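Quick heads-up: structures coming right below.
Same chain, two partners: chain A is paired with chain B first, then with chain C.
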Partner chain A sequence: MIRFVARRFLETIPVLFILATVTFFMMHLAPGGPFSSEKRASKEVRARMEAHYGLDKPLFQQYLLQMKHLLHGDLGPSFKYPGQTVNEIIAETFPVSAELGLEALLVALLLGLLAGMVAALKQNTFWDHFSMSLAMTGLCLPTFVMGPLLISLFALHLEWCNAEGWFFPRDRVLPALTLGAFYAAYVARLARGGLLEVLRQDFIRTAQAKGAGPARILFRHALRGGMLPVVSFLGPAIAGLLTGSFVVETIFGIPGLGRFFVTAAFNRDYFMIMGAVLFYAVFVIAMNLVVDIVLVWLNPKLRFE
Partner chain B sequence: MPTPNLQPDEKSASFWQDAWHRLWKNKLAIFGLLVVIVLSLLCFLAAPLCHFVIGFSYQQQNLTLGPVGPNHTHWLGTDPLGRDLLARLLYGGQISLMIGLLATVVSLVIGVTYGAVSGFAGGKVDMVLMRSVDILYALPYTIFVILLTVFFGQNIILLFVAIGAVQWLTMARIVRGQVMAIKQQEFVEAARALGLRRRRILFRHILPNLLGPIIVFATLTLPEVMLLEAFLSFLGLGVQAPHSSWGVLIKEGAEMMEEYPWLLTYPAVAMALTLFSLNFLGDGLRDALDVRGSKD
Partner chain C sequence: MISRLSFPATVLFLGILLFCGCGRRQTLVEIANQVQQFRVGNGGDPSGLDPQIATGQIEHDIMLALYEGLVYGDAKDGSPRPGVAESWDISPDNLVYTFHLRKSARWSNGDPVTARDFYESYHRMLLPSLAAQYSYMLYPVANAEAFNLGKITNFDQVGFKVLDDYTLQLTLHSPTPYLLKMMIHNSWDPVPVATIKKCGEFDNRSNPWTRPENFVGNGPFVLKEWRMNSHVLAVKNPTYWDASHVRLNSIDFVPEESYDAEERMFRSGQLHTIRTAPQSKVDFYRKNKPNLINIYPILTTYFYYLNVTRPPLNDKRVRLALGMAIDRRAITETVTRAGEIPAFCFTPPGTAGFTAKAHLREDPAEARRLLAEAGYADGKNFPEIKLLYNTLQNHKAIAEAVQEMWRKNLNIEITLKNVEWKVYLDEMNHTNYDICRGGWGADYDDPGTFLDINITGSGNNSTGWSNAEYDRLCRVAAGTGDTAARYEAYQKAEEILRDEEPIIPIYVYTNPRLILPNVKGWYPNLLDSPDYRSIYLAPETP
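So, the complex of A and B:
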């Protein structure tokens, strides 16, 4: 087990290196630069700004320089927010996104697992069709429709909470629902599929024959195997949830990390792009590792492979 | 629908006939298929429909009229520029569906080729190719879609290609897994014993067996791509005016939801209905063709 984890850690290093390289050349190849949109800046000013950030050096030299900084954990300054480093921006905004992400995850797991279990246990009944139709709606409505709809219903008409802002505990409800809905729908479908697969197997019939009740069969026998697809999905899903969502943060005015994934690319904010890419990648890789460990724990068959 | 064989001396139903019978029993999937066909026909006949039935073109403005709700002349109402929403919906659907199809085909071609080569070659080649896919999975795709659109400009066609180019990863994984399973089977060994070349074995003998999973995942990729198009429209990177797509219409509608709710309702319903149908059809096809995969 320890050897497995250690090997995965070592494998991460070349992966991050390749990612950084691909990202570096991709963003520098993209037309335009970080200062090309500032119309008022004269040629001299722009040249001096580029010199200040080392953007006038040959590309390969810039590459080596950035790699050196990255090795020291220094993500560099942000062009768009002068005076702030990318490290500071991430440190400031990530906790917000992480909190929202965890709340959305809670929504996704509560709603998704509940709907999935009901659908699997009552397969081909009204409840199955009902919860699966709900899940399909969650998959088919774009987030930027779901958000305004929820705002219009709960904030403007019922006035239960604020339409925007991130100050009170109540402000968390609508964003978490909006963000969590899509994931809840996915979890519901995966949980249903996984549980149906397990409920078909012989050991469930054995448990039934021994007189175990439906609740005991579900929680003691079926859940462990039935959760495998959900767990595999949750790895990348959690990484995506915790690093923030541009749409949800824009709609609800939340000062999170997600919007930087979009604005950095638009502004050609080179160091911010690199920081966002690497931060996200570390998350995905770490979550995939956790998922692999959990999968082995849930499914003893994998231990021999 | 193929007529069922009743004469005993004829050969039994083929795999595809069986699959069709199973699909036919799944009412939701058939409903989805019908909706997709009807909607596509309506959207691709947008030009004649606008001319003869609706009476307005999608870009014909009427500023004195402004935004009005659904009525006898404008069945689904008009937008703030007085343009007929139904006409815009049909034209937008044409573009949305085309984006979906093109991007799906692109992701299919890349994903199937990549996965098939990886699975068939095995060994070191397979390891390198699949590790690259893992690496690409770790990229936040929003950043790359934006950079790609910057590369390609606002050209619609290239935008589809760019979207397809970031959607092929799951397809590659699925196809690889299937190829690895199939290449162990006897008929592949027989083909090899006959001295066929590797390329011929892969494309003539292995890939046709993957048609089922490929069709299923293409059906399920289409809605994903359409959602991605909507997301790009939200960012303002979608189709540019005077053209529109469902994504653009939904985005504009969401902005004016309180004042002119119909501008959000109809495009959102059109898109949701299409995605619903495609997903139901995909699920039905999966059951009918008995495809196992990573999705659920």
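So, the complex of A and C:
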């Protein structure tokens, strides 16, 4: 297993390198720069702002410089926030996104697994159709529709919680639901599929023949194998959930990292774009690694190789 | 044992549990009213709070609470009122301004605010290495521009002089009757030089002195908390010289970027006011909740730039024809619908008492005649041109309306080109377009802030238009202290603009602000700058 992890770790290095390189040249190719604005600064001022951030150097030299800084873990300054570095921004906003992500994940697993199990156990009954159509709705309803709908109902009409913000525990409920619903729907469908496949296998029939009750069959025998598709889905899903969602964070006014993925690109905030992309990449890679380890543990047919 | 019904029942139970204790409670605004906390939707996250670096309205609105210049803008009409300076003398030739600072003015750390502080602040503002975007606001002062551009390096040669601890003298290079109005702008605010030096390099844009733990200011409020994309909390500054008249205890600026989300916050009792109601809601508030909406004109014009360097728009007859064939009232009444004022000249009417006499005439028949004269009778052979705008619902709707008006009135086809903000700026800055949406807001209340952008070689001249007489008139206006003579020059400049039409004015913006009726002491003004000194919260009427 150590060799497996070590190899995966080494594989990561060229991936990140290529990613950083492509990101660098793509963002510098995009028209417009970080300091263009409707009211233009004079040429002299703009030149000096660019010099301050080293943007006056030839592109390739900038590239080498940035790579050097990246190697030292220095993501650089933010153009949008002159007083902050990208490292600081990520350090401040990631915990918020991660918290929301965890809560959404909880929602996703709780609702998704429940619905999936019900559907699998009661295949082709009302409960199956009901939970699967609910899951379908969850998949089809985009967050930017679901969010405002929930706000409308619970914050504006019932006045149970605030419409926006991230100050009180109750502020977590609606965003976690909105963000979690989509993933819950996915989890439900995957869990149902996975369970159905396992439930048809011989060892389940054997267990039934031995007189095991439905609960024992589900939790003791079927669940482990039935969860395989869910677990492989969870790797990238967790990375996506924890690093934040632009839409949900914007709708609910949440000070998370997710917004920066999009706004940094709009602002041509070069260092911020690079920082966000690399941070996300590292996270996805790490989560995939964890998932692979868990999959081997869940499925005796697999081996670390 | 898992019974038939327990799954759905569990889901339901959990759902109820989730909202347990979430019943109707006091809204944030209701709580805030009791402690005089003004909750403001700020329209976006401030990028910084250094008054010499930050440039946007979002930052400006917060900095109004945190700093005070020699003068500040009156709550009602925005005119200059004594701030740190309790009085000033102006020499008869209008070139020397002597400011007498009040001895009671203090920084939030207790230090007195002295003439030296202002001197060193202006030194920092003009240092080429700071690269302050608004440094040009100080250019009326003798040699300020030369110093800022690095042509001279001795700051003593610039027209700032400390006569004693509480007297500051400014010498201008030419009379500038609107100087005091310019000084309302935050680029003229003092900065705490000692604190800045303690936190890092004096001239480093990234100096962290404005973080709450380092922050020192001299305004009626002082920075307490600043969390990115979350909120900026300013509390009453006990060392402020006029603290006894400040009635709010704190201001919470909530940086919500989306107008829709902001409006939801307002509606659910989280905010006292938001600057701009979303377009789609303006009508609703006007009809159903007129006591919550306040629509007032601001000094910003919406217009189209015409690229005069390319055919067919290098022909002024074509430009005039395009300008005459737009029905502005139809746009403001059916498209934008927030009480905007149709604009027939570039400078918004009433800017510092100036209203241009030259008016663009809406006359489709005359427009057709001009177009025919230019060789495109009934729109025949008119080359394909594009109208460029940045992605935003309103710009698109207006562009479509204009496209239709030109089709109907002139029988010409134009193509709409919708691009992302930075691409739009890039094309505009490089005059790489045919027709381009533009907007211009005043930095201070004076026609010059509008008309100067069309001067040949001005950094903001995006049309490629150049007119020697126009340049001369703007120079004359800038160089005289006689308001009548200035305005006469500006009248002639507007006349040339109307005759040449490098810019098609469309409307003057209004701002539809949502504000609760219990917010007292707030007044609409042309620069949309609130004065937090005068604002207070009345108990809500049931």
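By our rule, the second predicted complex is superposed on the first by the 301 of 305 C-alpha atoms of A that agree within 3 Å, B and C clash if a C-alpha of one lies under 4 Å from a C-alpha of the other, contacts with A are read in each partner's own complex, and residues count from 1 in each chain.
As a working rule, contacts are C-beta pairs under 8 Å (C-beta built on N, C-alpha and C of every residue); 3 or more make two chains touch, one makes a residue touch a chain.
Because the structure is a prediction, the values reported are computed rather than measured.
A.B. asks: Check the residue A:P229 against both partner chains and state whether it touches chain B (first), chain C (second), both, or neither.
C.D. replies: first
A.B. asks: A:V145 contacts which: chain B (first), chain C (second), both, neither?
C.D. replies: first
A.B. asks: Thinking of the overlay built on chain A, is A:R170 touched by chain B (first), by chain C (second), by both, or by neither?
C.D. replies: The second partner, chain C, only.
A.B. asks: Using the touch definition from the top, say if A:T93 reaches chain B (first), chain C (second), both or neither.
C.D. replies: In the superposed model, A:T93 contacts chain C only, not chain B.
A.B. asks: In the superposed arrangement, does A:R48 touch chain B (first), chain C (second), both or neither?
C.D. replies: In the superposition, A:R48 touches chain C alone.
A.B. asks: So, A:F246: does it touch chain B (first), chain C (second), both, or neither?
C.D. replies: Only chain B is touched by A:F246; chain C is not.
A.B. asks: Mind telling me which of the two, chain B or chain C, contacts the most residues of chain A?
C.D. replies: The larger set of chain A residues in touch belongs to C.
A.B. asks: Look at A:P31 in the shared chain and tell me whether it touches chain B only, chain C only, both, or neither; answer first, second, both or neither.
C.D. replies: both
A.B. asks: So in the superposed three-chain picture, is A:Y63 touching just chain B, just chain C, both, or none of them (first/second/both/neither)?
C.D. replies: neither
A.B. asks: Where on chain A do chain B and chain C both make contact?
C.D. replies: Dual-contact residues (chain A): 30-32, 148, 156, 266.
A.B. asks: What residues of chain C sit close enough to touch chain A in their complex?
C.D. replies: Residues of chain C touching chain A: 1-2, 7-8, 10-11, 14, 18-19, 21-25, 27-28, 47-48, 50, 53, 55, 128-129, 131-133, 135-136, 148-150, 205-208, 210-211, 227-230, 254, 256-258, 260-262, 264-265, 267-270, 420-423, 425-427, 429, 439, 459-460.
A.B. asks: Which of the residues in chain A come into contact with chain C in the complex?
C.D. replies: The touching residues are 30-33, 36-46, 48-49, 52, 77, 80-84, 89, 92-93, 110-111, 114-115, 117-118, 121, 127, 148, 151, 154-156, 158-166, 170, 173, 213-215, 218, 249-256, 259, 266-268.
A.B. asks: Spell out the residues on chain B that touch chain A in their complex, using ranges where they run on.
C.D. replies: Chain B residues touching chain A: 131, 134-135, 137-140, 142-144, 146-147, 150-151, 223, 227, 230-231, 234-235, 247, 250-251, 254, 257-258, 264, 268, 271-272, 275-276, 279-280, 294, 296.
A.B. asks: Of all residues in chain A, which touch chain B in the complex?
C.D. replies: 15, 18-19, 22-23, 26-27, 29-32, 136-137, 139-145, 148-149, 152, 156, 189-190, 192-194, 229, 232, 236, 243, 246-247, 261-262, 264-266, 273, 276-277, 280-281, 284-285
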